[in-house]
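One chain, chain A, links the two complexes that follow: it is found with chain B in the first and with chain C in the second.
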Partner chain A sequence: MSLYLLYTLIPLVWLVISATKTQPDLLSTPGLSFGGVFALFDNIRQTFTYDNGVFLRWLGNTLLYVVVGAGGATILATAAGYGLAKYRFRGRQAVFAVVLGAIAVPATALAVPTFLLFSRLGLTDTPLAVIIPSLISPFGLYLIWVYATDAIPDEMMEAARIDGAGEIRIFLAVTLRQLVPGIVTVALFAVVSTWNNYFLPLIMLSDPNWFPLTVGLNQWSAQAIGAGAQPIYHLVITGSLLTIIPLVIAFLFLQRFWQSGLTAGSVKQ
Partner chain B sequence: MAPLRRHRAVAALALAAALATACGSPGQDAAKANGTQDSVDAALKAGGTITYWTWTPSAKAQVAAFEQEYPNVKVNLVNAGTGNDEYTKLQNAVKAGSGGPDVAQIEYQALPQFALPGSLVDLNQYGFGTFQKDYTPSTWTSVNVGSGLYGLPQDSGPMALFYNKEDFDKYGIAVPKTWDEYLDAAKKLHAADPTKFITSDNGDAGFTTSMIWQAGGHPFSTDGRNVKINLNDAGAQKWTKVWDQLVQGKLLSTVKGWSDDWYRELGDGTIATLVTGAWMPGVFKSSVAAGSGKWAVAPMPTYDGQPVSAENGGSAQSVLKQSQNPTLAAAFVRWLNHGNGIKSFIASGGFPSTTADLNAPAFLDATDPYFGGQKINQVLTAASGAVAKGWSYLPYQLYANSIYNDTVGKSYLNGTPIEGGLKAWQSALVDYGNQQGFTVSAG
Partner chain C sequence: MTSTANPPSPRASRAHTQRHHRRGWLFVAPFAVVFALTFLAPLVYAFGLSLFRDQAFFGGTVFVGLGNYTQALGDAKFWEAFLRVLLFLAVQVPIMLLLALVAAFAIDSARLHAAGFFRIVIFLPYAVPGVVAVLMWGFIYGDHFGLAADLNHLLGRDVVEPLSGNWALTSIGNIVTWEFVGYNMLIFYSALKVVPPDQIEAAAIDGAGALRTIVSVKLPAVRGAIVVATIFSIIGSFQLFNEPNILRVLVPNVITTNYTPNMYAYYLSFSGQQYNYSATVAIVMGVITAVIAYAVQLRGKRKEM
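Coming up: the complex of A and B.
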């Protein structure tokens, strides 16, 4: 357990400490000790102002991709997963096979074909090229499907129908609340995967103005290599630290829904 | 240049894309070729907008100077990623048929991969072939693939020996002129202080090919779709004979090139020499502040004491076939690398490929405070004139570099003869090339 803690915490500690160093200190002092100057605030200022403040732009792009992409993925997965769990219709087994198959194909393998498809549509090098593929989350759909099957008793939906509620109203007013823990889980997965998505935006985007943080920070890191190298490791590190803060906040915030949701039950079976 | 492991998948995918397009129809622009620069001059007057993909730090100042000189032309400057990242995007754009830039920076080692499938404009049609006499022979050879001219050289990397004078003086070691002396220096230094190493190398494809180049090897040759690979020729053997002793004697620092540790070891004297391209002084100044005043430059050691060098790194600017305005794009390339663009390139610390700039008295006589006031450009310019002739890269060099660590890298790791690693590399490259539709033969 303590080994596990060390394993997970040391990189984080290293990141925090390194973010307080200047570039020369970073290259001349050991990793887990502080440098001669406490430069955290100066580093943060430089991170936000370097190259005309492009970091802020990347942060905004990432937020856009997360809110629209991961948010949309969660909504779609919820609606589709719920429908597949609670309604019987023709082709349901086929959908099941397609979803399971989709989970099995790694996103990286699809990136180049997706690029060619989007190129035909004239959508490459636009935010839509990152957002649209992010909207599809077979894993999220499957999770909601399984969760809804267990968490929502058919009796409850029947009771609502007897009371005269339509299917849409049942979904929005009755069952959606039951699904919250599942939705939060899917949202967390979608947020984390969109936030960390590297390969898809790398392939799709060539204009740095549309880069998310992952691709942008890698570009900063890559400029330390080769002829004409201009290393700015201190900004890469400070940028990485700033990049994980919103994710940490998202986790702490969403955790409450998770916990309260786990105790939710409505019908005694 | 250090191959990055995480780019392996990218490079492989990109290459698959490149080779899929290799069967396209080449040479359709031969009809409009007139071989003079009049159309280029006219395009500059007419103006327009072009997009330029590059990662060189000099680009901003260059584009600003160009737009001031030609207000009718707007250059859309895009940093599409360094090296392999940019090539991945270029390959995808080529395959998709659109989305690429008009002008792109492409390293010499990657140029054949784009030139052979016909993705680049042959600049001979604009009469740029007459510039041959203005460039160093090695860079000019690098931009000529087959019978086509697929770019104009920008930076070059003739190799030299960068050494930590402080280390050498402290332990009474003479600056090595031959590789045998270098080997002795390595042993002497490490014996005097076991924490110090003559240089760092844990297997780097770009370094290996440059070293075989210097030793007189010609491991890769391409004729149309026919490729010959011989990574065990006389040159390769000369190099491995020396380098095996360094690797197996554990006389090299195994720190990864371009990492923060590497920069630190260059600064504190742990790494005593670097055999690398002439672009290195800029990196020293921007990243190894602690080494200021300690380092000096000498000619690259050779096998027989006669001056021979090789190129390491360096890149050209090329015009993409899918450009909507290739003539204007060619005009920009001409200005960049055969015009006023060179000035701002040198001002930002770049090492040019044009002989006139390399031999300009102001350039040769410039003293460099970082290198203790040494006139380093005299050494570096001499190196650029001593580059061994006849070198060429593989038409899938990027892929080759991406699998280097799986083959030759293992020899480094296990301390086994590099020759074995090179054999494994060769057989993997023969197999891959044949799968991709080349006719590859070994030996």
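Coming up: the complex of A and C.
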């Protein structure tokens, strides 16, 4: 067990240590020891200022995609999962079957056709090309569906109806609160998948000004190779570290919430 | 206020049925619309594309029916890529899931100190973007300043060459394992938490040891989770792209443009302008993946009975 812990941690430790080294020290000192100069803060400053501060622009893009894409995905999945769990309506089985089928269709198999379709619609190379596909989370819908079936008693909704509340009001004022652990879980996983998304923006975007951090970092890395290249390994490494930190913090802070949301979700399996 | 609520009478619920139809769709419709645009439309569009072929010399496209599909079935490049991910799937997925299962049991058994700490640390790589994970491991594998280089330096000669032709696939498997053991462990762990404690107590009273309890009480409880994790892993293996494609920058001769079926489809589209054939390859892979995922699900269900 401890051995596995080491295996998990060594690459991350290597990343943290490497982020404190200058470019020459990276090449001349062993991976798991510190370099001659502690250059972390200088590296961070360089990362943010290199190439007219394009890293900051990528960070902003990533935040935009996460807030609109993952936020929207959470809202759509919550409403639809709740609707499927608490209402009996025609076509309900069909919706469920299609969505579960969609989980099995590899997202990347769809990516190239989606690109071609979006390019017809004139959406490629715009933020919308990344945001719209991020809005759908079949797994999120499934999680909320299972969670809502468990967490919301029908009697509670009936009581609110007798009091004269409309369905939307019941959803917003009465039942939404019960769903919070489920929603946090779905939101967190949607944030991770949008923050980490690489393939979709890679094919949809060609203008570096719209890149998220993932595509941008890989471009920096690729730029270091080839004839006449200007290696900026230290910036790739420091940028990588800066990309990880927000997610790790989110997971640590929301730990209790998302783990209880997952456990409730597995009851029905 | 809520105390006045009685169970709804049959008549009242019939009156609600109509409303249910409308209101139910009200909640589901926004999802359904975006879903149609991002899942169904590309699917239909891809199928349409796969029935045509570019006329390189005359311009325009011609209808070829299933011609692209017969081409794919006889395409050595496609099968090479397919067999590679199949090998990857057969070796990497069992290792990853077994590690995840062992970790979940170890943490659940509560004999481990600081189980919460272990859980979050093992899960940590999942929060690392795939691109960053690959860049990081790429550096570590690299002969410039990675840990592999340190090791070789220590040994005095090049013993460890993670990115050579013989080892590249294993090295990719290592990255994927590192990324996803924690995620799968969490799926198993949340299934284990649902096992009623009195069942485990009963087993203990009956004289079952730790191993016996795992085999006869806990393992059946996580069977459903194992099926789900297996299906996700199969899908993941078949759509392998990020890891080999990013490592390709370092070793373009070892990792070819048809290293995985997904890379093949990508390069057909974006470097070869063969959109119709690329859509065909994507569909063939989608169908194979869906069929295998479905078969695993059926087998998993039958075992439960």
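Convention: the second predicted complex is superposed on the first by the 252 of 269 C-alpha atoms of A that agree within 3 Å, B and C clash if a C-alpha of one lies under 4 Å from a C-alpha of the other, contacts with A are read in each partner's own complex, and residues count from 1 in each chain.
Here, contacts are C-beta pairs under 8 Å (C-beta built on N, C-alpha and C of every residue); 3 or more make two chains touch, one makes a residue touch a chain.
Note that the structure is predicted; figures quoted are calculated from it, not measured.
When both complexes are superposed on chain A, chain B and chain C clash. Once the two complexes are laid over each other on the shared chain, residue contacts for A:Q219 go to chain B alone; chain C is not touched. After overlaying the two complexes on the shared chain, residue contacts for A:V16 are found with neither chain B nor chain C. In the superposed model, A:P208 makes contact with chain B only, not with chain C. Look at A:E155: by the touch rule set out above, it reaches chain C but stays clear of chain B. Legend: residue contacts after superposition of the two complexes on their common chain; A:F115 is shown touching both chain B and chain C. Counted by residues of chain A touched, the larger count belongs to C, out of chain B and chain C. By the touch criterion defined above, A:T124 lies against chain B but remains apart from chain C after alignment on the C-alpha atoms of chain A. Of the two partner chains placed by the overlay, only chain C lies in contact with A:F251; chain B stays clear of it. Of the two partner chains, chain B is the only one touched by A:Q230; chain C is not.
Shared-chain residue A:P24: touches chain B; no touch with chain C.
Residue overlap on chain A between its contacts with chain B in one complex and with chain C in the other: 26-28, 108, 112, 115-116, 199, 203, 215, 218, 222, 225, 233. Residue ranges of chain A in contact with chain C, taken from their complex: 1, 4-5, 7-12, 14-15, 18, 26-32, 76-77, 79-80, 82-84, 87-92, 95, 98-99, 101-102, 104-110, 112-117, 132-133, 135-136, 141, 155-156, 158-159, 161-163, 167-168, 171, 192, 195-196, 198-199, 203, 213-215, 217-218, 221-222, 225, 233, 236-237, 240, 243-244, 247-248, 250-252, 255, 259, 262-263, 265-267, 269. Interface residues of chain C, counted against chain A in their complex, comprise 1-2, 4-5, 7-8, 16-17, 19-28, 30-32, 34-35, 37-43, 45-46, 49, 99, 103, 106, 112, 118, 120-133, 135-140, 144-147, 149-150, 178, 181-182, 186-187, 190-191, 193-194, 224-225, 228, 231, 235, 238-239, 241-242, 246, 249-250, 262, 265-266, 269-270, 275, 278-279, 282-283, 285-286, 289-290, 293-294.
Those residues of chain B lying in contact with chain A across their complex are 1-2, 4, 9-10, 13, 16-17, 53, 55-58, 78-83, 85, 88-89, 92-93, 95-99, 101, 155, 157, 258, 260, 263-264, 267-268, 277, 279, 282-283, 286-290, 313-315, 348-351.
Chain A meets chain B in the complex at residues 24, 26-28, 108, 111-112, 115-116, 119-120, 124-125, 199, 202-203, 206-208, 215, 218-219, 222-231, 233.
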